[in-house]
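Two complexes are shown next, each including chain A; its partner changes from chain B in the first to chain C in the second.
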Partner chain A sequence: MADSNVATRSRSSLRAAARLSRRDAINLLVVAGGVLFVLLALPSLLTPYWVVTSTSAVTFMIVALGLGLLVGRVGMISLGQGAVLALGAWVGARLLFATALPYPIVLVMTGLITMVLGTMIGLPALRVSGLYLALVTLMLAGAITVVLVDTNFPNGGSGFLGYADQSTGTPPSIRRPSIAESDPAFFRYVVIVALLMFLLALWHIRGKPGRAWAAIRQSEPAALAAGVNVTVYKMWAFALASFVTGIAGALLGSASHVLYAYTFPTSQSIVLFAVVLMGGVYTLFGAVIAGVLLQVIPGAFTVWGIPSEWATILFGVGVLQVLTTAPAGIAHQLPSDLARLGRFLFGVARRRIPAGGRAP
Partner chain B sequence: MIEIKDLTVRFGGVTPLAEMTLTFESGTCGLIGPNGAGKTTFFNVLSGFVKPHAGSVRAFGEDLLSMPHFRRARWGLRRTFQTEQAIEELSIYENVAMVHEHSKRGRAARREEVLAAIEFVGLDGDPATRVGTLGARDRRLVEVARAVVGEPRLVLLDEPAAGLPDEETEHLSSVIRAIPGHTGALVILVDHDMSLVSACCGVTAVLDFGIVIASGPTAEVLRDANVMRAYLGTEELV
Partner chain C sequence: MPSWSNFQPFIPIGLAAGGVYALSGVGMVVLYRATGVLNLAFGAIGAMGALIAWTMINTWHVPAGIAYVACILFGGVATLLYGMVFGRLLAARDPLVKAAATLGLALLMLGVMNRLWPAQVTRSITLPTDNTAFTFGDASVDWTQVIAVGFGVVMTVGTAIFLRVTKIGTAMRALADDREITATLGVPVRRVEAAAWFGSGLLAGAAGLLLADLVTLASDGLTFIVIFTLSAALIARLRSLTVTFVAAMVIGLVDNLITPINSITNFRDMTPFVLAIAALLFFSRERQYSFARGGIR
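So, the complex of A and B:
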């Protein structure tokens, strides 16, 4: 009898948990409010310069999302994501020049092709981990950058590489979706794509792959003993990360209309990793922060007349700060600091206006 | 029933298991021995983490060693580790469901079976609680729940009571004793706590330097002179 009571209790509480918990509901409201604000109000509040910068910020949120999945969920450190982004940009540009297919279809195709390529970059993860995986993926990224410098990005030329040497005149531009030709419209388009990518990631994290990744991150032998095919799930993570990063690459090409190899230096992968750590790898919100940091800070530096590369120094200090004081990143630090600030202000207010009219 | 024949493991010049031959019929069986005797190596062979040099393991008529390691969970092999392996960032429910979804086809009865396993080990809190927030005893019980979910056939428990105070070991002991009756699985228990082994195991085998030096009913084995010598390090009498 007592046993069945326990069972009923645990079953009903589980059902309650399966519905929306209060915390989830609040999170959902905040996110929905934020997305609506960004979609409807933000483009009209910003100058054209900041609309373009915000578009890159949102694009890099997708990149940070992919890297965050690898590092935070599975515990695999890849320093090749910058190169995967470049691959995505190349594939996206090539497809956009070569075909007249609807833009969303090109995006998905780019994602799938980059997924295959990016998963190959992830193959060393089956043999090495930690620092060595980071090193191997960084060397692969370096190799890809070297090849890209030689082949250049497609600019409407013919042949497989799609590059034509045009020393005169403006090169044909990489197209945008027909419904989002202007900068503000394209910004909104990118926000919606990013939202879909975050939902795709969330769906994975909350489901069977997310649980398998959590098991792998905690201990590979224990994951194997629990029946997790570690090889498959590691590759699955690389595939998902490469898919979203490839789509981000395609968006990047359309955003700037023209791509240059020098905008994808190998070092970008390292900065990307540092900033993703800063934002926080254990929550999806961390990827949002990382995207903002990656683009908005250099953007602001440019406005203030400071060389934008100096942001790297700030990121270096920032990543040290985060690693020493808040390993879960700003995504974790910010809400808890805000809560502390709130409690402090509340406490000050209470002392100023004591309840019952008498000072304690 | 599990039949181990001439199982030998070599790491370079070390032989952690030397022609281990042993049969466990059913119920909860103990495997004891001093540190370094080869108990965990034996579990690692069964899990597929260590490839034996020679020998065979047949469990319920099937050749266990020919299966890929991650497939063994689907076959019905479960184990706990000396160090805790319950996944901290997942909830109790997710921890157990995770094993179920990778080891058993069909999701129709998943919720029921997972909750039944949680209930069986006596975890009466909210199954949605994150494991990282639980105490040592409850985390151990989550591991045991992971080991009994989804029709296990062979359950390996590697020092499940390590670090637990006596009164908590007692509850764990009653759970371990109930596993064969509840699931039909054969349980192999490795532990240094002799009172736990005596309480749980009908039969016990003793390993020393990779050699089975005794096996049989637990009470007799624990009285065996060779076993006393292995544990207490008495001088060779012969």
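So, the complex of A and C:
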């Protein structure tokens, strides 16, 4: 009797697993279809302006991925990801000017250097409470702005800083990979890099670090009691986020060919945090939405002639709305709202068409 | 290395800045202790108040005194409104979420300010006390600077006494310890919280006005001056008013005394970050973990 119970239970769990994998397979197909569309068809459908805007949108998806990981998976708030991005952009540009190394190697090196720098800065705060990390990273955002105004971004000059005052003439441009010199080709390149970063994050989330992060997010003392090394895993998350953000920074430099300090204001870190919250921090899809919000909405505002400040206002309202009513962000709200709309429309249609009859 | 006489002029400037950071810090810490909200929009609220005062004086030609009062009142009312709406909605959430929500307010205000007062126009507020100065050693000191330092001292001491002596102050301290138990004891929690929001907002308005005069009247600059205050509050571990005051004074002084040193003068505004990191390194020796429930809820 007991055996048959166990057998029924295991059969039902197998069925559940099969259902889950079917759902996973559908998700995978949709994602793969989406990525293939973005890679193959999208660049030819878009105007040059929108190709450039989409490239930045995809780049910022990587940044949002890192920040979303920190906020959603571990429950740490970093308000300095804009500064880490600027660090990555600086390191990337410096390496691209200084070396003739293949582009992917420069990307990985940039990621690693940014990772070390970012983690070093975050380390003192990681050992105290979450609010302190938020404050220290906000101060970091301010401090990096101060440094960048003085050092500027490398523009092919000599010395450690690699900056030469070139008030006349156009400064040499930050190079792109040789296989992706044109805007559409570079867009595709960025999409592939972003895909790899998302897979890297997924690999972490599905593995041991993901479980440790989930434990830390639920309760730090419980995680500690269960034998999770809280500081190490927090640092791990911070390092991973800095790594992907660094890579995004290097891509950003190549995308625009030249970088200026004023493109990384302190407020960018706050805006980044806002769109990541609005997108949704509990799924990777939220990072995709965040990238779109951050770049496509201001891009569209520019085209429509709407002042850019409205985007900032929108993000501010978005943060308040998300935190008070929808903590899972648009990534969760959109599908459920669409489903509700679908049910509503279906209900209206059913009422209008009586059972078995024609429309009145 | 510059001589002592090079440093002297920067002492009153540093002390004045420190005084304003101190009064902002006191406002922030008291609000945090009473409601659990670390108001990161503190600078933005002060900035908007100062910009409103600027418009009142320069466009509507309202007497300056009324404009200054309006600036301070705006701080109080705006903060109170936020507290009444979002403070309540988020009352049961983690301090991290409450702080993050104030960033939404900061962004909202930043957007509105940049829309209504475009950054391309240079604006300034000159308080009447700027025009009367006296010399102290080699330094020229104006009365606005004296007021800033004095206000910082008075607010720190006054708030400390207020929290200790008055009924509402005692209620605030009780709230800081445990909101639920305080409510059970019959303390009108909402009213006490409203008082904390309003009081802290008045300080935000006053700080905005003073900083607009002493430092700059630019929406971005004033919004992110909150970083200096945050550093002082962090060094005080969001708890002690005295430490907040001392830290704020040190930050103001160090930030300004670096000015004559050519090699690092461009990096002087990193002071709050460097001091906060140093303080954190010092704290983390104790390996203190936050045993509040982590994560976003």
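Remarks
One rule holds in what follows: the second predicted complex is superposed on the first by the 331 of 360 C-alpha atoms of A that agree within 3 Å, B and C clash if a C-alpha of one lies under 4 Å from a C-alpha of the other, contacts with A are read in each partner's own complex, and residues count from 1 in each chain.
Convention: a contact is a pair of C-beta atoms (placed from the backbone, for glycine too) under 8 Å apart; a residue touches a chain by one contact, two chains touch by 3 or more.
Just so we're clear, the structure is a prediction, and the values are computed from it rather than from any experiment.
After overlaying the two complexes on the shared chain, residue contacts for A:Pro221 are found with chain B and with chain C alike.
Shared-chain residue A:Val317: touches chain C; no touch with chain B.
Residue contacts after overlaying the shared chain place A:Lys208 against chain B, while chain C stays out of touching range.
A count of residues in chain A touched by chain B and by chain C gives the higher number to C. In the superposition on chain A, A:Leu284 contacts neither chain B nor chain C.
Looking at the shared chain after the overlay, A:Val230 reaches both chain B and chain C.
Residue overlap on chain A between the chain B contacts of one complex and the chain C contacts of the other covers 218-219, 221, 224, 230.
Those residues of chain A that touch chain B in the complex are listed here as 3, 6-7, 9-11, 13-14, 16-17, 208, 211-212, 214-215, 218-219, 221-222, 224-230, 282. For chain C in complex with chain A, the touching residues are 38, 40, 86, 89-90, 93-97, 99-101, 103-112, 114-115, 220, 223-224, 227, 230-231, 234, 238, 266-267, 269-270, 272-274, 276-277, 280-281, 283-284, 287-297.
Contacts from chain B toward chain A in the complex involve residues 47-49, 69-74, 77-79, 81, 85, 87-91, 93-94, 97-99, 101-103, 111, 115, 118-119, 124-128, 146. Across the interface of their complex, chain C is touched by residues 71-72, 74-75, 77, 79, 121, 124-125, 127-132, 134-136, 138-140, 142-143, 146-147, 149-150, 216-221, 224, 230, 265-267, 270-271, 273-274, 277, 281, 307, 309-320, 323-324, 327 of chain A.
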